[in-house]
Amino acid sequence: TIKVGLLSDLTGPTSSVGTPYAQGIKDCTAYVNANGGINGEQIELIQVDYAYNVQQALSAYKRFKSKGIVALQGWGTGDTEALVRFVSRDKIPVFSASYSPHLMDPSKAPYNFTIAPDYSTQGRAGLKYIKDTWTEKRAPRIAFVYPDKPYGHVPLPAMKEYAKELGFEVTGDETLDLKAMDATPQILGLKKQKADFVWVGGTTPSTAVLMKDAEKLGFKGKFLVNIWGNDENLAKMAGPACEGNLGMQAAAVYGQDVPGMKIIETETKGQPQMTHYLRGFVSTMVMVEGMKKAAANGKITGENIKNALETMRDYDPMGLAPAISFYPEDHRPSMAVNVCTVKDGKLEFVQTVSLPRDAKWLGK
Amino acid sequence: MEYYFQLIINGLVVGSIYSLVALGFVIIYKATKVVNFAQGEMVMAGAYICFALTVQYQIPFALAFLMTLAFSVILGLVIERMILRPLIGEPIISVVMVTIGLSSILKSLVQVFWGTQIRVFPPILPQEPFILLGLPIAPVYVAAFVLCLLLFAVFSLFFKYSSIGIAMRATAFDQQAAQSMGIGIKNIFALSWCIAAVVSSIGGIILGNINGINSQLGHLGLKVFPAVILGGLDSLLGAALGGLIIGVLENVCEGVARELFNLGGFKEVASFVVLVIILMVKPYGLFGTKEIERV
Amino acid sequence: MLKCGLFFTSYNKEDQFFPSMFQKTCLGLFIAAMLIAPQVLDFYYISVMNLIMIAAIGAVSLNLLTGVCGQMSLGHGAFVGVGAYGCAILASKGLPFVICLLGGGTFAALAGMFFGIPSLRLKGIYLAISTLAAQMILEYVFLHWSALTGGANGMPVDPPSIMGFSFDSDEKMFYLIFAVTTLCVLGVSNIIRSRSGRAFIAIRDFYQSAENVGVNLFHFKLQAFATSSFIAGIAGGLWAYYAMYITPEQFSISLSISYLAMIIVGGMGSVTGAIFGAVFITLLPEVLNTTTSLLSSFAPDISSLMAPLKEGIFGLTLVLFLIFEPEGLVRKWKLIKAYWKLYPFAY
Amino acid sequence: MSLLNVQNLEVVYNDVVLVLKGLSLNVAKGSITTLLGANGAGKSTTLKAISGLLEGEDGKATSGTILYKGQPMSSKSPEKTVRQGIFQVMEGRRIFEDLTVEENLRCGAYTQPAKNFSGNLEKVYTYFPRLRERKAQLAGYMSGGEQQMLAIGRAVMASPELLLLDEPSLGLAPLLVEEIFDIVKKINKEEGVTVLLVEQNARMALSLADYGYIMENGRIVMDGKGSELLHNPDVQEFYLGLSHGGEKRSYRDVKHYRRRKRWLG
Amino acid sequence: MNGNNEPLLSVNNITLTFKGVAALSRVSCEVPKGSITSLIGPNGAGKTSMLNCISGRYTPDKGSITMRGKELLGTKACKRTDFGMSRTFQNIALFKGLSVLDNLMVGRHSRIKYGLLASLFYFGKARKEESVHRARVEEIIDFLGLSPYRHQAAGHLPYGVQKKVELGRALAAEPELLLLDEPMAGMNLEETEDMARYILDINEEWGISVFLVEHDMGVVMDISDHVVVLDFGRILASGTPEEVQSNPKVISAYLGDEDGLYQGR
């Protein structure tokens, strides 16, 4: 068997999205195993719930290592960052759902891979979409709302820079806690800034609060929500307030008309899943593809998987996510981002926005 | 100026939620001298029970509300009997730790029964906001404010004038002496946990109506500490006002920090900074009773 | 220790930690076992032992403040964090290991003293909440003083090296951590049995009369905060070196709570107890994870079921300990020792 | 007629320390009975065993019977005993310091129907006019004597039939000791409350009491009428500090040596 | 009498108020060097408050307190030991978790000089100093007959022994002036006699002056050289025991009838 570590948050602060993500990974593994595994070899997942606690992540990693894993499916920012140096020392490729820019730079994180472009790229794509659809003469005004957490801060400088480059007027920031119950002060601030667009870097609950209060207070701007802030729960929580707002996604939404959706639907017996589930699924698909390539080149070792992945060009995960390529000097999986919107209470795919693979953006 | 004005009003409104949770906290403290770090989790438990009854079992809200309160009474009894009674007379840190343990247990139970998904209440209260001085306010907050006032009034009178209320305070001060008065301290403890559980559940239901619930809701308990301590641990008035003050402080400090220093996220620490400053001047909070210390 | 036929000819002899030959032998065996452990044990166990030892330093230091001096702290995790950041910052300037570690400790001691100032006026839970404020404020500083701390991006730390020898694996780190832990534990034990330690206990037990025998409350409370945070800072520095990457999230309130849990479970006021507590609380999730993975070979879905229970088990352990063994593991240990004392070959 | 009868009572603390070793005593209805004894003899323990307050202290009555009005005490829980008419004023006053005087008194009346409240309150205030002056003050700020008055006042509020008093004179000035004892006597006479009094102050207690017991090491070693005990030479030497011949010994003349006679019960 | 009238401690016109209520008003008194001076008075008269002012727990609003001519006010409580005074407390205030030995070692706190760093390594200087002080403490333990309890935690000892440990802790500081707040309260006759003997020995053999607050008139009148009577925060009388006990004002405010004199036993 091929051993793979699965580090997930099933109980901690990010568990509401961590659980479906982990389920996606498990289902995909089961699917692969049922369909012949990697050249007949089965993948064995060793799952540990680390409850978003870095110390537990560290010891879980050591446990994985002593069990002889060849690859790791990681999760959040805290643990992925903490493991960067260990995995490069031990040569174990990691797939994580933390899309920090510097994880894309092999000179800093040689063994880190993701299936979605970094938060900055996602943000830039969103900005580009807005700019492309902007019809008025004047410059669009954009504001930023984010939690005062590492995760919220990461893409800000890059986005602000790009916004200026595109000709936006950046009006200011507001911080909104992930557990906020009320966003009136933030909306009041946004109204003062007269923002046309607001980039939101939160999670679904805080985004919902923001949108509800925006509607209540008659704020007219449109929201552009990052990958963790718009999922199927948004409409449930925010109701009509979230209609028409935009969000960025890395994977397809459940039921979207792409080739891979058949498999998903059979795997889940038609039970709708959140987009996080799909991302977990795709993340595993990419890892499996890497393993297959590594197996073709010799043995399945961490180093071989990494090398194999770096030769991956335009791998299409059956349409479940934009095509993925890795280069030895550039681990950004793609420069394409799916823009979604909420329509009639449903998350809907709008368009894939692609940016050039610009070397100066790598790691920023 | 209008901006700050609205920030203040909004702070008051949001603060009433803190006050509501803080009241439950102070009731327990006044009657048992237990500092309850599981207050947030008790709020969460109440919210989940109400959620289960209304959404999963489709019971009409009014009935579900009453049933939730009944469940809370049971929860309060169980917590008191199983966890806190054996700790009668132990030092404060033990009691703090046991309630921290309790919070883990409650959180775990919620996760076992309902998972970690976000759950959303059906709209129970009207959605149309009230307009107060140009600031629309969601009815949930108005409900919280009114409930908070009501509970504050009821419990102030209760602790001041009713025999049981006085007996509760006596028990908190000296359990054995209270027993010697013929006060059944076990009943007193059980009663106060029931009351606190009921108050917490009401808070939970209100919260659930704001933005749904998930298993991390208990963190609210941590935010309520500044409110409780600011007001003074054993003062109902302190809890009520403390919540409001913290609500306003958070909003205003955030606004000021943003405008003057372009410093984000100050809201989360503002209340703690102010708290420490106030404690240095008034070591027992604004209204807390000073411990009588004579040698 | 003194009951069973041990006689002392001088006060100094009575002062020793391990007065009997038997105890000295046990100690020797223990040290020998620790020294060969990395050669024989699986590397996972070594890494867990590393975590335990770092936790033990933290717990012993919190014990000095909370168990011995009676000043409850909910901000200890943040003091550990100050040590970690201080150490990492100094290390990034290329300073040698020992300087960085001590420097980290010193930063932490300063922070501890600063946030210890309210302890002059505040007592009990009011003080606890003001240390909670320290936790929140320091976390905010870690995140926002990005010029120093790397803010949201965190800070990388290179493995320590002493005179060109780099401690770049768990096994090598093990020896380093073991050495530092031993020093810290010895230091704290010494403090407790000497003038300052007695003053700390006096403050805990009856601060008014402590003051009247000449203990300067403010001075010694600050001293308790400072020494305790200094050692916490050392734990933080070791952690930074060991984890090789630090972010603000690593030093959150839950770290503070787990230290408190350690000293409670182990037994308040006792150094041995704090160590037991560190062992217990660090091992608990590991054991649960091992159990889960053992079980999951029979029932693959067990891990999603076990996950939510884990926290509950942690809580339940705390509660059960407090109900049934409020004096902590150290009491059990004493009972066992007392039992062995009666054993014919003990003396 | 005996109101309370204790027979062969044994009490163990923490399952190990045997404190009462077969203690028997009898309290006649309407009388004042006093229980004297050295420190740690188990006087407070006796009272707690009667009132049921042992349970909070890891103590257990392992054998013996306590008959109240001829009936075995049906329940050991203190709140039931209070309802049956036994009220203990605990050692060290134990007033509720952050309650006001009047709130303290209301706690005393906890088991009484509300209609008796104002009558009883009036009674307490006539016994202790000083309490009326301070009824709204926090009890913690009162002087030792006032606190002791309050503690007894609380007992009066409960209209007990049997009052257990544990060292009411502890730490009180001589004048106040007399005042308190006078009031105890008054309560006994006017309300017909039976009193079981534990004291270190043997002279006072014996001159007040109808009957006295002396205990040592968990047993009764001597008993008799109050006046008889006052004149017993052993009692005079060991409890009253009189040398042979009834002269008071000076503390200056006492030297260090073990003078204590073993009283074998 | 062994006092040679030079005052060791003199309290001049101190006034202390709590929220406007005067606990002490314009009180002056003296403790002559080498004497046993007693402070008596009704409950709440302000005796403990007076000790608290001298030992630095309270700061008087007005007045001055000097010891050997040096002003005490303005120095912190923890520095007062340096002037050569130490005290005991009305309600036992021991360090419950420390052994008897360590309680006494804390008593020597201000005489031990080594610092935190030395204690971290506990080697050489620190260790030597410890043994020197340890030897002094052992002497006191022997004097008070505490040897059997040396290594026991103070909190679990019998009441009478705890009172002795308190005395020992105060002695450990090697004071010139010992402030004792009701050392006899709650003790039986035997222990009271022992305590009186210790106080006399301390005074006579060690030359330590004693300022004693006590309600047990038997003891006070027997062992004091000098008695000061306080009432409602004012000096009512002062003089030799004989003068004081015959003073009608003292009798009516404090002693009551003659029995008051033999209060206790």
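A, B, C, D and E label the chains in the order they appear, each numbered from 1.
Everything that follows uses one rule, which is that a residue touches a chain if its C-beta (ideal position, glycine included) is under 8 Å from a C-beta of that chain, and two chains touch if they have at least 3 such contacts.
A quick note: this is a predicted structure, and the numbers were derived from the prediction, not measured.
Shared contacts of chain A and chain C, meaning chains that touch the two of them, come down to B. Under the contact definition stated at the top, the chains bordering both chain B and chain E are C, D.
Chain pairs B-D and D-E differ in how many C-beta pairs are in contact, and the one with more is D-E.
Chain centres here are Cα averages; for chain A and chain B they lie 36 Å apart.
In this assembly, the C-alpha centroid of chain A lies 75 Å from the C-alpha centroid of chain D. Chain A and chain E have CA centres that are 73 Å apart. Chain C and chain E have Cα centroids lying 41 Å from one another.
Among the residues of chain D, those touching two or more other chains are numbered 141.
Chain contacts: chain C has residues 140, 143, 208-209, 307-308, 310-311 touching two or more partner chains. Touching two or more other chains at once are residues 10-11, 19, 148 of chain A.
Contact between chains, as defined at the top, is found for A-B, A-C, B-C, B-D, B-E, C-E, D-E. Partner chain E is touched in their complex by these residues of chain B: 294-295.
Those residues of chain C that touch chain E in the shared complex are 2, 10-12, 15, 187, 190-191, 193-199, 201-202, 204-206, 208-217, 223, 227, 269. Interface of chain A with chain B (complex): residues 10-11, 13, 15-16, 18-19, 147-148, 172-175, 177, 179, 181-182, 184-185, 188-189, 192, 204-205, 208-209, 212, 216-218, 233, 236-237. The part of chain E that touches chain D in the complex is made up of residues 18, 40-45, 90, 158-160, 182, 185-194, 196-197, 200, 215, 217-219, 222-223, 253-257, 259-265. Only residues 38-40, 141-146, 167, 170-178, 200-204, 238-242, 248, 250-252, 254-256, 259-260 of chain D touch chain E when the two sit together in their complex.
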